[in-house]
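Down below is the structure, laid out as structure tokens.
Naming follows writing order (A, B and C), and every chain is counted from residue 1.
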Amino acid sequence: QSSVTVYGVLDMAFNAENNGQYSKGKGNIYSLDSGVQSGSRLGFKGSEDLGNGLKANFKLEMGVQADTGASAQGGLAFGRAAWVGLSGDFGAVQVGRQNKPVFDVVDSIDPFGTGIIGGSATDSTSATGLGNLVFATNPRSNNTINYTTNNLSGFTGSLAYTAGEQAGDIGKGRGIGVSGSYAAGPLLVAGAYHTENDTAAVVNATKTAFVGATYDFGAAKGALSFAKIKTDNNSVAYKLWSVGVTVPVSAAGAVISSLTMVKNDVVSSDNGSNQFALGYTHSLSKRTNLYTSVSRLKNDAKVNAGGIASGIGATERLFNVGIRHAF
Amino acid sequence: QSSVTVYGVLDMAFNAENNGQYSKGKGNIYSLDSGVQSGSRLGFKGSEDLGNGLKANFKLEMGVQADTGASAQGGLAFGRAAWVGLSGDFGAVQVGRQNKPVFDVVDSIDPFGTGIIGGSATDSTSATGLGNLVFATNPRSNNTINYTTNNLSGFTGSLAYTAGEQAGDIGKGRGIGVSGSYAAGPLLVAGAYHTENDTAAVVNATKTAFVGATYDFGAAKGALSFAKIKTDNNSVAYKLWSVGVTVPVSAAGAVISSLTMVKNDVVSSDNGSNQFALGYTHSLSKRTNLYTSVSRLKNDAKVNAGGIASGIGATERLFNVGIRHAF
Amino acid sequence: QSSVTVYGVLDMAFNAENNGQYSKGKGNIYSLDSGVQSGSRLGFKGSEDLGNGLKANFKLEMGVQADTGASAQGGLAFGRAAWVGLSGDFGAVQVGRQNKPVFDVVDSIDPFGTGIIGGSATDSTSATGLGNLVFATNPRSNNTINYTTNNLSGFTGSLAYTAGEQAGDIGKGRGIGVSGSYAAGPLLVAGAYHTENDTAAVVNATKTAFVGATYDFGAAKGALSFAKIKTDNNSVAYKLWSVGVTVPVSAAGAVISSLTMVKNDVVSSDNGSNQFALGYTHSLSKRTNLYTSVSRLKNDAKVNAGGIASGIGATERLFNVGIRHAF
């Protein structure tokens, strides 16, 4: 009689990492980490039929650090999602804390699904964090109303407005995001734009643009993407290019690889970083899989694009093997 | 086979607010807030039949800020309720964190149900907080044992004891609450008294008394209430009068209005505040409704009865429109 | 269709306590506390059949202070357990935050089940804490992989490895635990060893050894145990002996008693403490019981083995009566 579905993911991995600050071969960190492929979580969701195709929907989703028992997302009770809304013939409206449109789009293009090493960053403590650049520091936003279209002959789009909630100036802290995806047979094309004002007296916006595509050739699925991130005052300015591939090697197994290049335009020379990642996932069932990956993130002499404290000019190496269980 | 019911409420609204500190027309705050009509929450409850009419019962209820994903009630895991108890022919006993008897009684009389603007305070960030005066700072108490009678020909009563848990003095921090309600046909009469000692060397009690009644005329339901709050040392001394009405205007819709007057007896003149609120709720189903309200809280020159930082002598204006979904 | 079981325990008791710092008869603390017999908790667990006897398993278990609504274990979301793993013919592997093997073994021998007063410590605020000495400050560990055998003709064993996660030195912060139990008819014999390095430059390990046995004579079940705890640098050095008995007195009732002696070898004389506890549990059903206990912890002149701030040489007296409900 309960109208609630309890669901979640538990993902734990062994990680070995050398961030280039340690002497070669020695000085590695070995850890057991949570959320390496997909952020560990516990969620509660439901839907009520209101008649005439109208539905009321909600989601509460907690991020979990399964290695320590702590909440993820800085200790929030429901750091991954907390929203209520309506859906129907017109599409869907959600109000509360939720994913930015650009996050869902990046997630749909990235062959690693924003997870495992080499993916576009997660809440995982072992993510290299390249992708976090794309989300203007946070893949989710508070105080947000989001509208998403239904599937219109392959096209779906989202528009999100984040209230700044500052007295006397509706622009301070405001965020606006828009995204669109088009799927047709083997092809998926997607793009997103996000702009987010800070709350300072002189408002400075961080702007992100992302475009990407995947094509499923059958024997393999290729992915291409480009992103640009910059602030109005040029204190932050990145360009990212990424190419990836997913190769099914058996009914249960797939090899995934990606190469991502970053250019930090705030620095005039020696400003590139590149990350190569190779992974393998093996399904034990629809809900449970094993995974492993290796990756290397190499920074030029004057920059550090890594998510962990690897230092300017350092090279970071990562290896993991883990299990992910959805329930 | 699980003996647990998972339930909750998600409530999100758009709010516009001017607290009188801003220049007229300009300087408003626009926000997307959680729990404006009813505090957003996620709960777990259950009941076990022990035979002979005896039952074991429990409730764990978390307050949620759906706009940010944080826990409400200052970050508590189960800030709304955490108790276990027994019920039977004798009534019900509950031990743990729970509502004060005065809170449940105020909730049953207030036409806004302690929610929406104009109601008697909630955990909502946009509540004007008039009602919070009645609860001696907090509508709930820790370390509490509560006894409630069964329905005795229309009468129900509660008695609560809060342990002070201070070494060497059983009186420090102690709270005692009592309430009674009588329902007969269209009439509901209710009253409550609460006294709560602080933990200082020289104990100073905060005392609250509340009486109220509602009468359902069919075309409308009227509500009247009076409350008095004071500390032994007269550092706090309020009187509140409130009159309200609920008018069903269709099968799904109702108009609600209330006028509340507060007198701050610590100040000798220009010590009144009054709040007028007008709201409308529209049910989409038994579990889901839309709501909207406007309210104005006007303070005399020397006082501020508002829950938000509106300043002494300021006038506060609020508008909201939202959705509430129970699951 | 949900693959999750929601379960838990709510345990609340009235406690009276005199820690010897107060004048006799006066100066007691009276409180309503959570988790006196068993830590109050809310859990989520599940299991997925992967075929060929293989299963994927997970558990997320939150400790709850039902008296205040706060999380136990210092505010962790899932302070009691957060792990995922596989089980099958080979046994079971779990990765995440989980019980130390020594904790589960002590729990199986202690007549009070590490609960009620006189038991071997819990998260309860009223536990005297003697047993906490055995767990090297914490009964659970983060970043841990644990292997447990299946039941092998009465024998089960566990081996746990806790990653230190310190850069450049795999030994810093590392923990290793091992345990074994043998059950044959009325007899249970169990032992455990745990060693845990600190993260300082000069690593100092805390080592715990525990052996115990219970024998069920029918009319009563006896328990005997011995533990030794010491650090490499001898800053901590304890020996504990405990003898206990559980006597069923009716279909629903049991009397439990234990005597525990502690010797603090860091101090050369007047270094003993002893605790006597007498309790009674009464089942109302399989899931709900009432309990009560009295205990006295007496410290010699130069030591304090108590878990509450009773002071060196002080005598602590405790009484409680409570209800425990599992769901």
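The rule is short, and it goes like this: contacts are C-beta pairs under 8 Å (C-beta built on N, C-alpha and C of every residue); 3 or more make two chains touch, one makes a residue touch a chain.
Just so it is clear, the structure is predicted and the values come from calculations on it, not from any experiment.
Because contacts link each chain to all the remaining chains, their graph is best described as complete. Interface of chain A with chain B: the two copies contact each other largely through different residue positions, with under half of all numbers used appearing on both sides. In whole angstrom, the spacing between the mean C-alpha positions of chain A and chain B is 40. Chain C has residues 6, 77 in contact with two or more other chains. Only residues 1-4, 6, 44, 46, 48, 50-51, 54, 56, 58, 60, 73, 76-86, 95-97, 142-145, 163, 165-168, 170 of chain B touch chain C when the two sit together in their complex.
Chain A meets chain C in the complex at residues 5-8, 10-12, 14, 21-22, 26-34, 40, 42, 62, 64-71, 77, 284-285, 287-288, 323-325, 327.
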